[in-house]
């Protein structure tokens, strides 16, 4: 049996760990043969297929990124996309796919599966917002990097008694902001799921200064103020081609400074949250996802994705997760309000 | 309402995060007053009670260890232990306890609870082997440190083409060994739950050299060979006063070297696994445990401990977890055999 | 003898290590008494004086920032600044000052010294551009953080085959950019001392893509293009009140993208470069600076600053370093051109 | 011109950085061709020669260890060693060698140079004890790892109010112990250059407990007690075949515990000090050493080694450094006594 592997969407620590473990398990235990499709769905559309044996995956466990390359190509935005993918698979004798990706990549996988392509999904996202799994790999690494950054910013904030705003990843969900904000001891945490009141934020900031400590405000990039608070921001295309807002961190620093009369600065963590060696947790999770994806292929459990539930890896129908973003539950967010201000 | 907090057993990253969050939530939300009992049960026996207000817990979130001190004192090994503890609580007007500790500390808490002391437990162990919770805080930090050490040892092993044996914590369970071994890409992982065959280990070592890579063997300190393989080891008292075996790492290096005719060295990670700043994951978990412990006290849910199930914090009767060690499931261990050798 | 200590300018890892060691050495060996002046020269102007004994400096060695606070206040921009400082010193019986700061803070110290205030300087700057010393503390920590960030960005760059531009600190000198760029394996390093040719930069970028690796461009925030290349940038006041250019990283990404037709992104490291625990090198250097500053005070060597020359700590007249910025030598920069492109 | 490169002795972070930069500079700037000799002098004796071009050194800058392998082979302990090396060089048309190694490897290089082999040396040692250079690469990484370990041990020591002894590398010199001990805020630092008085050590330990802080004792593995203090230790062959003492850390913990009646534990850092990715400082230094070694070969400056003096890379005759170990200067050690106890 010949299996094709592809990685789609933004890169994420742990992708290589999945590739390694699915190839190791599939080859050694089930006698599968593997090929890689380069650059996500692009490789499937354009017949960019590379060999992928055990030698190719040696030493990649601790490496960030993906040895297969990635792209945001959506096969359903290309004419004959499905047919071209099927042609590529037939031409190379590929019997099934292992598709490692986030919401968009798995969305395409779900549709391809419906149209008869045998495949197993592996959920991937820095943002932790894929429905159906407790956690995705990459998230723990991103939270760790953001937390370390917040640790560093505390001493600067206090030496100068100024507010430091940290803008972290999270366009549609506040998982990184919430976890890193709690772990880093932030005084304000702003997430897309809970539009904020800038007056309340400024109140928390002023309150913090009264204790002779300096405020750290952690904001997901998708955090938004409540209605009535006008934001003038840059609008830009994100990497998936959608319009998104940017600059919430900078806006917050300016508003806090203007409204409280105290100094405020911003740090935008950006790409350093998604690169580099995965944390031990992410290597563990990604390795298990790969092992179980090989099992799923062997069992013919196509149209499912592997997922974490508690400490178990389970299979979830791709159909069930389609189009659903896992957001931060209001009650979880409220747990931490005791630390605000 | 006045609450006493104590930390018992070996220190563990995240203890301070629990102390901080239980005090913040209890004080701000429920109007509790707090005191600390110094050095675990010792403080309860000897009336070592210190103030514990919000000012006392400022800035301790990222700090390892415990500001309350710890000890391995077992109140049931002291005459009138229970009576003396009750006297201390009465003398200071303490209405309930929050007891943060591992198997031994929570064991004593369970018995005290039966004898009428109102208390809530918070499970703590580097080793991750407390029953009733998916994970304990401190474990993720220990795994991260061990994984980074293994990462470092790979390059030394390969530069000299020798075996490096890494002995990690885990007397009764192999959680650290298994997680760090998988995350670090070890070629052999030895855990107490699965007595090993030294001939098989040497076979894996020799096999690894054939690929032109050098073997990394990760062994829990409690790993033991199968019957028939005699080990001459030092026997010593552990920190809880029990006899235990030590030196499995050194023994392995000697046997591997003797039996395969190749060079082998050992590194014993020791105390660096339990000290220092907690990982973001452990700060998150410890913070939530503290918040939910305050809720449990407020709800009068005495005789329970807080625990992690999936992504939820739940309450588990202390009685249910008493005397049970959570060990590595054989099927979980077997998942990773594809990487051995 | 009573000594006043102050820290001025931007915060920098190692400030607390200096404070600790000067207080330890001065108190234990020379019997000095110490006070702290809060927030740099501001405390001297406004009589904000705090006790500073051995208990106050316990445990601060590994902590970033400064327990004394800092500010950019220039006493010579305040009417009667010098007289007010002398009044504060007289009122508290302060016999001499230890002034820890960068170019601006030490510039004021030089002038105060000329006007009769007995003081010893300790050079401090993230940017490493204080003349008269091989290195300043804080620099090694900043380079380490920037290098780790570059390490992380490599895998993202290669997974997507895009250029990543990293903007690091350095308005007037390129030390951080050069050291971190070399250590991180950057393909282009841009420093203020060497105006760059954007066409050449784009040539290097295109060349890099030909090797199937992705380019990392490291730019000091003060890097500027050669005459004829127009930059439209935001202009803003820096923390010392001067006009400066910002946004070179963003500009570079846009130009590279526009001129080469390939994807390019920017990460601005910002404040995370200056906060948090100092590296071992910086703790060593800062500790030695503090010890030698105490010696200098004891020897009455006023009007000097301590400095590193090779592995020795020496004393340099403050007059000699006044107004001189230590920039990157052209021949040093040229050493690394073999790695460009 | 064809150049052979070899790495000898224990592995050390930065070896790959030297290999990469000498090959890049030599190939691109001077048109040299390169080959690698495997496993130190062993490759030269046994004709193990591998290609070494720019493709072979891509991506190795951040990797620990050495892609060329290493060994402790001394060519002068093999009959006809010199002749066999000359034969290997002749057979492969090698015109000159770049020899990267520590005292033993460079000692052999010095003698070979005298006997007519054109070569340039690059000093390498974790221990920083090669004479003629301010620092060697690998040292900063080792100090950083040891300092981080000490940071972690502080919280454990204080939670249990026990002494923690940390045994670090350094058989013949105390550089790692001194730098990491100072950076980590140790209370006792023991180095081979200064035999210690165990009574004084115990006095410092007791003194530390009086402040309500717990002692950290950092000992180089070669630290020895003064005459009259008998040590019963294991004696073993070190990796260079010499007899050496081991176990000073364990001995210290036992003596401190016995003499002071307080708990004391040991951690032996071991191999984790020498593996893994080099620090930014070490990558910078190793890269510059490689660049200047290529220059030296091009200039025909054979019989020299590159060395760091202040911020400059200079050439030092190998003859001058032969047989000299750079030890810790007594006056440097005494600088830090203010922190003891």
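A, B, C and D are the chain letters, set down in written order, and residue numbers restart from 1 in every chain.
In this text, a contact is a pair of C-beta atoms (placed from the backbone, for glycine too) under 8 Å apart; a residue touches a chain by one contact, two chains touch by 3 or more.
If you're wondering where the values come from, they're calculated on a predicted model, not measured in any experiment.
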Touching chain C and also chain D, the following chains: none
Farthest chain (mean CA position) relative to chain C: B
Whole-Å separation of chain centres (CA-atom averages), chain B against chain D: 35
Chain B and chain C: spacing of chain centres that average the CA atoms, whole Å: 41
Distance between the centres, which are taken as Cα means, of chain B and chain A, whole angstrom: 30
Touching two or more other chains - residues of chain A: 151
Pairwise touch network: line, ring, star, complete, or other: ring
Each pair of chains that touches, named by its two labels: A-B, A-C, B-D, C-D
Of chain A, residues touching chain B in the complex: 21, 24-25, 28-29, 58, 61-62, 134-135, 140, 143-144, 146-147, 151, 179-180, 182-185, 211, 213, 277, 279-281, 283-284, 287-288, 291, 309-311, 335-336, 338-339
Touch list for chain D against partner chain B, complex: 7, 10-11, 13, 15, 63-66, 69-71, 145, 148-149, 151-156, 158-161, 164, 265-272, 274-276
